[in-house]
Structures are given as C-alpha cells and as structure tokens.
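Order of writing sets the chain letters: A, B, C, D, E, F and G. Residues in each chain are counted from 1.
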Amino acid sequence: MVDKPLDILNKSLNSPVIVRIRGGREFRGILLGYDTHMNLVLDETEELNDDATVKRKLGTVILRGDNVVYISP
Amino acid sequence: MVDKPLDILNKSLNSPVIVRIRGGREFRGILLGYDTHMNLVLDETEELNDDATVKRKLGTVILRGDNVVYISP
Amino acid sequence: MVDKPLDILNKSLNSPVIVRIRGGREFRGILLGYDTHMNLVLDETEELNDDATVKRKLGTVILRGDNVVYISP
Amino acid sequence: MVDKPLDILNKSLNSPVIVRIRGGREFRGILLGYDTHMNLVLDETEELNDDATVKRKLGTVILRGDNVVYISP
Amino acid sequence: MVDKPLDILNKSLNSPVIVRIRGGREFRGILLGYDTHMNLVLDETEELNDDATVKRKLGTVILRGDNVVYISP
Amino acid sequence: MVDKPLDILNKSLNSPVIVRIRGGREFRGILLGYDTHMNLVLDETEELNDDATVKRKLGTVILRGDNVVYISP
Amino acid sequence: MVDKPLDILNKSLNSPVIVRIRGGREFRGILLGYDTHMNLVLDETEELNDDATVKRKLGTVILRGDNVVYISP
C-alpha cells in the first residue's frame, strides 16, 4: 500500500507536527488544516531555536506550502 | 472538521493579522481582502522591526502572496 | 465586504502608488494599468533611495509582477 | 482608460526601450517583438554599465521575460 | 525499454532511499509514498551529516518535491 | 511586423548563437533545436570565459530554458 | 530538420551523459529514462569534482529536472 503525501497530512490532522521551512527555521504546532499546495494551518504554533527550545509563540498561523522543506508528524 | 488555509483567511477578514515575508520582514495590519494566490490587502499596515516595534506606517498595501512565509491572525 | 487585491489596483488607477520589489528597491509612479499577474504600468516613475528621496526618474515603466513585494496606493 | 502592460509593449514596437533584469544589469535596444511571457526581441542591443555608458554591443538578443524587472519605453 | 522517473520511485517503495535537497542536506529513509510532484513520504528518516553519519532522527517526514535535487534508491 | 521570440529562434536554426545563463556563464554553439520552454539544443558547444575565450568544449548540449538570460543569434 | 530537446534525450537513452546542475555540481551516468519535466534517471552515476575526477559513486539516481543547467550526451 502506498501512502500519498496528502494522505499522511490527513492522518495528522489535530495532531502535533514539526515543519521545517527554507532557510532552516522550524515550527511546531497542531495541524488544523491543509490544502493541495501544502499550505498549512497550525494552532498553538511555536517557532523553534536550533536546539528545539521555543523562540516565539505564534498561536494560529497559515504557513505557505511554497516554503516548506518537510513536515514531520 | 478541517480548517482550509483560505477558510482561516476568510474568518480573519477585518481583523488584525501579522504577515511574515521571505527575508524575515514583518507587517501588521487589518486584513481587508485576499485571493486564491494569498495576495493580501491590508489596511493601517505597519512594517515592524525585529523587536515588534513599528518601523514604518504604510497605510493600505497589496502584499503579493508569493513572498508570504506565514500569516498569523 | 471583501476587497480583492485586483479591485484595489483597479481603484488606484491614475493615482500615485509606491511599489517595493524584491531586494528592497522602491518605485513611485502613477498607476496606468495592470494585468492579472500584477504586472504594472507606471507613469512619471521615480526610483527611490532608502530615505524616500528620488534616485532616478524613469518615465513610463512596465514592472513585472513577479518581483513585486507590495503595492501601496 | 487602462493601459495593459502588453498594450504598452505593443505601442513600443520598433522603438528604443531600456530593460533592467534581476541582478541590476541593464540593456538598451530597439523592441522588435515580445510574447505573453514578456520574452523580448531587441535589436541593436547594448549592455549598459551602472553609469549608463555602453559596456558591450550585443546586436539582436532574445531576453527571457522571467528575468525582467522592468521595461522602460 | 525506458525507465520513467516515477516508475523508479514506484519500484523503490518500502525500500531505503537517500534524498539530497537544495543546499546539500541529505536524508535517508524508507520510501512509503510519493506523488507526481515528487513529494515524498519517508519513514525511519535520518538527516545525515556530510560524512554520512546520522545528524538527527526524524521518524516519518513528508519532503516537498520542490526542494529535491536527487533521489537514490 | 512583429518578430516573436520563438520566430527568431526558428530563423537561427543551424546558425551560431551565444547563450548567457543566470550567474553570468556564457555558451556558444550551433542551434540545432528548441522547444516552447526555450530549452535549447546546441552543437559544437563551447563554454566561454569572461573575455570570450574558450573555457571548455562541450559538444552537444541540451540547455534548460529556465536558466537562460538571453540568446544572441 | 529540427532536433527537439526531448528527441536528443531519447536518442541518448542507454548512453552516458554528463549533467550539470545549479550550483555547478556535475554528474556522469547512463541515461535510463526521463520525462517531459527533464527529470532524469541515471545509472552507474558518479558525482564529479571540478577537475572531472570522481567524487562519489551514487548508483541509480533520479535527478529533478528543475535543477538541471545542461545535459551533454
């Protein structure tokens, strides 16, 4: 059985994910939604430092899929 | 229930949002409109410094979605 | 009521706008036209220095939408 | 009346234009043709130095629209 | 006989692959899925150092195809 | 009469062209073919130094249109 | 007669090719397949140093067309 990328996103709804974007920045939040461009809606979002400590709390954010390197459920 | 990214934008109309664009610059303004490319119309827009103080008042701006990293309602 | 980005451009026709492009350069001119890619036609265009003084007068220019960061009417 | 970007290009056929591309380089030539991607055909093309003096004569060139920042008729 | 890129991905399902992304970073994992944009689902993913030692264990990740340089089954 | 960019390419078939790509590198070769993306087939291709001397002989190459800045017949 | 870029790729199947990607890296391998995006399948792939010596043996790789600068059969 094949797991399509969007299937994995679907299974991850309402669960925490880590998202790395171009330039190396990372965000952690609860995945509330997504679309076919991999634009993401995260809740309780935290921007992380390199050592995975919290740099900034951002609440709800819409992250553009264009900048995503990977999403880790 | 899933929150699509554009649904969240729709719910944020006429409310303040923070927008971070590529390169790290941030803008704060009232979301007046958007389209499916995530081009945004902001009113009472302020460009912010890294410490979230106001760098420049810009009034109404049309921000191109291509440059958006995230939108935080 | 929602203001679509292209509606705002339409309302700004024949009025002065400021356009910032990637890399930080800014232009000021009278908006004569645009298309759905946000390619713009400006008249009496001036390229601006960081302190908003005029660096160079360019007359009529066609600015490619791809490079636009924001347009401020 | 609105001047669409491609209308302005059309009016500029067989006339001199200045084209700035990403990275800041500028070209001056006679506009012989274009297409909807803003790919341009220039004749008697000269690459310019920052002070607008001629750096190199290039004759006919096809300039890809992707790299264009602005075209000034 | 020709091996289309997506055929090779299909044959590599449930097998280990190495993925290099723009900027030179490399990941190693079990290929669980992919789509036509070369978005990939990897399991037991490890981010690698330049000397191919493990830098970080990431578990399941969705890697955006946009950033992929090559995939080596 | 308007010369579309692809018309000029068509007229240049089997003739020498110079191609500059992003980053400033230049190639000289005989244009054997092209497609609508401006992907090019060059024969007897030479990569050039800044002073237009030959840096390397490459024979036949397929150059991706995405990287092309200009083509000079 | 015109040689379309994809025709040349087709003629090069099962033959060695050199592929340069953005950033200057080069790969040498046997072309096993390709698609219309110029995604390539190479076998017996070697990553090359600037002096064309072998830096690393990679076996089979799928190279994304987006990063290709040129392919030399």
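A few points about this structure:
Note that in this section contacts are C-beta pairs under 8 Å (C-beta built on N, C-alpha and C of every residue); 3 or more make two chains touch, one makes a residue touch a chain.
Quantities reported herein were computed from a predicted structural model and do not represent experimental measurements.
Here the chain-to-chain distance from chain A to chain G, counted in touching steps, is 2. Between the CA-based centres of chain E and chain G the separation comes to 19 Å, rounded to the whole angstrom. Separation between the centroids of chain B and chain F, computed from CA atoms only, is 42 Å. With touch defined as above, residues shared between interfaces to two or more other chains in chain A number as follows: 66.
All the chains close into one ring, and from chain C toward chain D their sequence is C, D, F, G, E, A, B. Put simply, chain E touches chain A in their complex at residues 13, 21, 32-35, 39-41, 45, 58-64, 66-67. Taken in their complex, chain B has these residues touching chain A: 2-9, 22, 38, 65-66, 68-73.
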